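Heads up, the thing below is written out as structure tokens.
Each chain gets a letter, A, B, C and D, in the order it is written, and its residues are counted from 1.
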């Protein structure tokens, strides 16, 4: 035996994913997203789905991600570890992956919104940044 | 001296609001709260101060601590060093000997601290089977719990007695709840975080909940947080459709097993086990036992070690019925023979006392 | 000591054996026996459900032969058997049962309910709860020699009469004869043509036979009332006479219960097997037919049916013989519905005919036979039991069906004997 | 969970002991009474007729079909359905294999489902008939209704456990096992004994009739 990679491993979800183009769970999520997008369009109410809380294998997360596709916007945040955000092929639906400093996934969310809240500059940070900016400004005395 | 709030503390460490929001989103996910709760968590955490935590380890294998320190989201370092003040933990603390015990005494002075317990507490023979710094586990626990705000029993040993309490339980191991119930220690709000070991994210989630809201989360009838223990493994299992369709793996290497069919017949305890494995998963969210092809062994339930084979279906008898049957048949034979012979003797007596009927008996 | 409850309960205990215990263990109250019972089907009263008639016996079994029953009765949780109760059951056990055995034949768990009722009667008699009519009949059987009070003098008169009619000798007390022929008192008193019929048939067939002056009565009231002691005494008379005469076979006459009493119960009553065989007259006649010794000439043109006596078919095992014999002489022989082992009782067997109290009930349950006959349109009703014959005649008369003639099979055969060469 | 552990642990042990001890007691009590040998000369083999009756009386008879078709049909459906579900439902076979050391192959779950429903329907029909039919109503004692209930419960709880619509699986499974234990405990003290003694009574009757040359 050459090594671990020689052991044929087939996971149930791989099987499911290859057998059918869509699983019932993914279909249900897509329907939920469509409904939520409609609500958001009409009322402005945002929505977040936490994928980790759903009983599905990781492979199904991937399936959902493939279904949603990739749109025009990609954003990288560096805040307590990297966060990768992209707008899916359906504007208004965002894919958000928070990682910690070790690169491990903390949460993986699908947001229905015009722009994920975390991208905006936060009041507290603006306040703190302003202070820093003022402190950093060269004063007239030194000029 | 007024303690700084958690938000102040984080800001002081140069952690941005954005980072804090991200942390809160992760925390909400960890606490199995709807992600829309993140802003509320941020607000609550912003006002709380760093609580003092005392971690006591008794009859245990350190698996629970191992589990916790491998917690990945958010990293336990964050939790421990940023949000709580872990004043006493055998395994993790740098201090040793009297200095360590002193740390514990100091932490207790202020009161309102949280006590985390892992391991069961031996009470047989005066508790001699496990002592720390010359104190029995029971004494140390009783002493520490007296002024605690709440107690969290980490792991199945602390929550239900676990393996040390398994038959024949030579050390007289008891759970924290049992000691509270029999009055050996003071009764305090108790959260059982069972599992062997508990899912790390469940440990941190419970702590995060306490940190955020300062309250004990909603518990099930076994004192476990409903957010994590409300559903059975079976309820949330991705193999559940196979169960419903009656498709079962019969051996670990048959076609059914390869196709990922339900492991019920191979002894999976999913239907009777309440835990968050199917959603929280293990090893950085890689998988959980059923996903790896092994049935659930029911480690987060009371008496899981004594509840029959891990590899027999749930409907199987746990006792030795065939052995018992032999005895029962012998006993039945003896009792039956005795009853039968007694009846026979009654019949002989009746025959002896029988009077022959004559034609005179027919005349009035 | 006179009959008493105590003696009755003692008798219950004595009667219970392994089979009875298994029957009570097995009963599931399915109620199927009711539909097999003439008394239920014709009255519609559930109290006549056969297994219900064994209730006192069941309690005696439970209270004496089961651990739990003993425990419960010790704790006073089970009703004791009382005189009042036995009095109530008296009418079910004696008036409402002819021991016909249909219930036994249908029970899905195989309970011999007839046997259980027969056994119950032992305790009923021992406790004094037997009907007057049966008590008197049994007393006469023991004291006079026949339940109807027929004596040897009556028989001797009938012999003389027969000899005159037939010109043949009727053998009496012939030592070393092959067959000992028994009679029922009804045959001696009412249906005496039978003596001539038998005499002529045996004469033609060259059979060596005899009657006995010490054992002419075949019926056994002791069986019907349920007294093994008295029944044994009656059987013993026959056994003694047969053995004294040295016969090889004793012939039970056209009577149902006389056959089962002597053939199947007798050896068990006297506690030993016989040195001779017991056969029903129809069995003997059928053997003669098979051997070519019984021959007939001419055939009956009337439409004929055969009423199976319960004790002969279902409880006795004589099923095919009457059919073979009837076919010798009858051109138009039709079977009644349920003929053979599932026949319906005439309503007067098992001592019911001797129990005057049961007369109205007996008349009521005759409706079954009436319906069966209504459908057949027969002119002759043949049977092989003088008690059935009596019951059928009475029943037909009450129902204004006298145009149907009731006749014994032996007599019918005798009518078609070929002319003597 | 504790409840389930009790019913499949100590509960099952108690029930098994009571069941086995009880049945043996009842059997020996019955047998040891004995019977006198029959001294009459037999016309035919008694034992052959006895064994024949054990089998023969399992078959439907024309007369009964005519008189009590419901008891007859529902009776067959219930007995056969109950036995098939008991012996050929795969989890049951696992249980037996565990205890006995050997197993056999089972029936597909949809078949078992169907049989369970048929069995329950037959049992309900039998109960209704017992309440309506004058004879059966008259004969029935409280025991008849208790026995009906303890027989029906395992089928109903088993069916519910399979379909899990009503209660959590654990609770339902525990209730199912408990209902079986109740059945086992009640068994030796009630007419349920007929499930074993029927062969004995049929044999005795068949033999008694058979030695007279009557086969029924």
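Rule of thumb we're sticking to: a residue touches a chain if its C-beta (ideal position, glycine included) is under 8 Å from a C-beta of that chain, and two chains touch if they have at least 3 such contacts.
Since the model is a prediction, treat every value here as computed from it, not as a measurement.
J.: Could you say which chain's mean Cα position falls nearest to the mean Cα position of the entire protein shown?
T.: Central chain is D.
J.: Between C-D and B-D, which chain pair shares more contacting C-beta pairs?
T.: Of C-D and B-D, more C-beta pairs in contact link C-D.
J.: Could you tell me the distance, in whole angstrom, between the mean C-alpha positions of chain C and chain D?
T.: About 38 Å separates the centre of chain C from that of chain D.
J.: Measure off the straight-line distance from the CA centroid of chain A to the CA centroid of chain D, and report it in whole Å.
T.: Measuring from centre to centre gives 61 Å for this pair.
J.: Counting only Cα atoms for the centres, state how far chain B is from chain D in Å.
T.: So the centroids are 41 Å from each other.
J.: Quick one: chain A and chain B, Cα centre-to-centre, how many Å?
T.: The answer is 33 Å.
J.: Going by the touch rule set out above, which residues of chain D reach two or more other chains?
T.: Each of 25-26, 29-34 in chain D touches at least two other chains.
J.: Using the touch rule from the top of the page, what residues of chain C touch 2 or more other chains?
T.: Correct list: 16, 65-67.
J.: Provide the list of chain B residues touching at least two other chains, using ranges where the numbers run on.
T.: 335, 339, 343, 347
J.: If every chain is a node and every touching pair an edge, decide which shape results: line, ring, star, complete or other.
T.: Drawn as a graph, the chains match no named shape, so other.
J.: Using the contact rule from the top, write out all pairs of chains that touch.
T.: Applying the touch criterion to every chain pair yields A-B, B-C, B-D, C-D.
J.: Please name which positions on chain B make contact with chain D in the complex.
T.: Where chain B meets chain D, its residues are 232, 234, 246, 248, 265, 271-272, 298, 301-303, 306-308, 312-319, 321-322, 324-325, 327-329, 331-333, 335-337, 339-341, 343-344, 347.
J.: Considering only the defined contacts, which chain C positions touch chain B in the complex?
T.: Touching chain B from chain C are residues 1-3, 7, 10-11, 13-14, 16, 64-67, 125-126, 128, 130, 135-136, 138-139, 142-143, 225, 227-230.
J.: Which residues of chain D touch chain C in their complex?
T.: By the definition above, chain D touches chain C via 25-26, 29-36, 38-41, 43-44, 53-54, 57, 61, 63-64, 67-68, 71, 75, 133-141, 144, 189, 191, 193-194, 197-198, 200-206, 208-209, 212-214, 216.
J.: Which bits of chain B are touching chain C when the two form their complex?
T.: For chain B paired with chain C, touching residues are 335, 339, 343, 346-347, 350-351, 353-359, 361-363.
J.: Can you name the residues of chain C that touch chain D in the complex?
T.: Counting only chain C, the residues touching chain D are 16-19, 21-23, 25-32, 34-36, 40, 44, 46-47, 49, 51-52, 65-68, 104-112, 115, 263-268, 271-274, 277-278, 313-317, 319, 338, 341-342.
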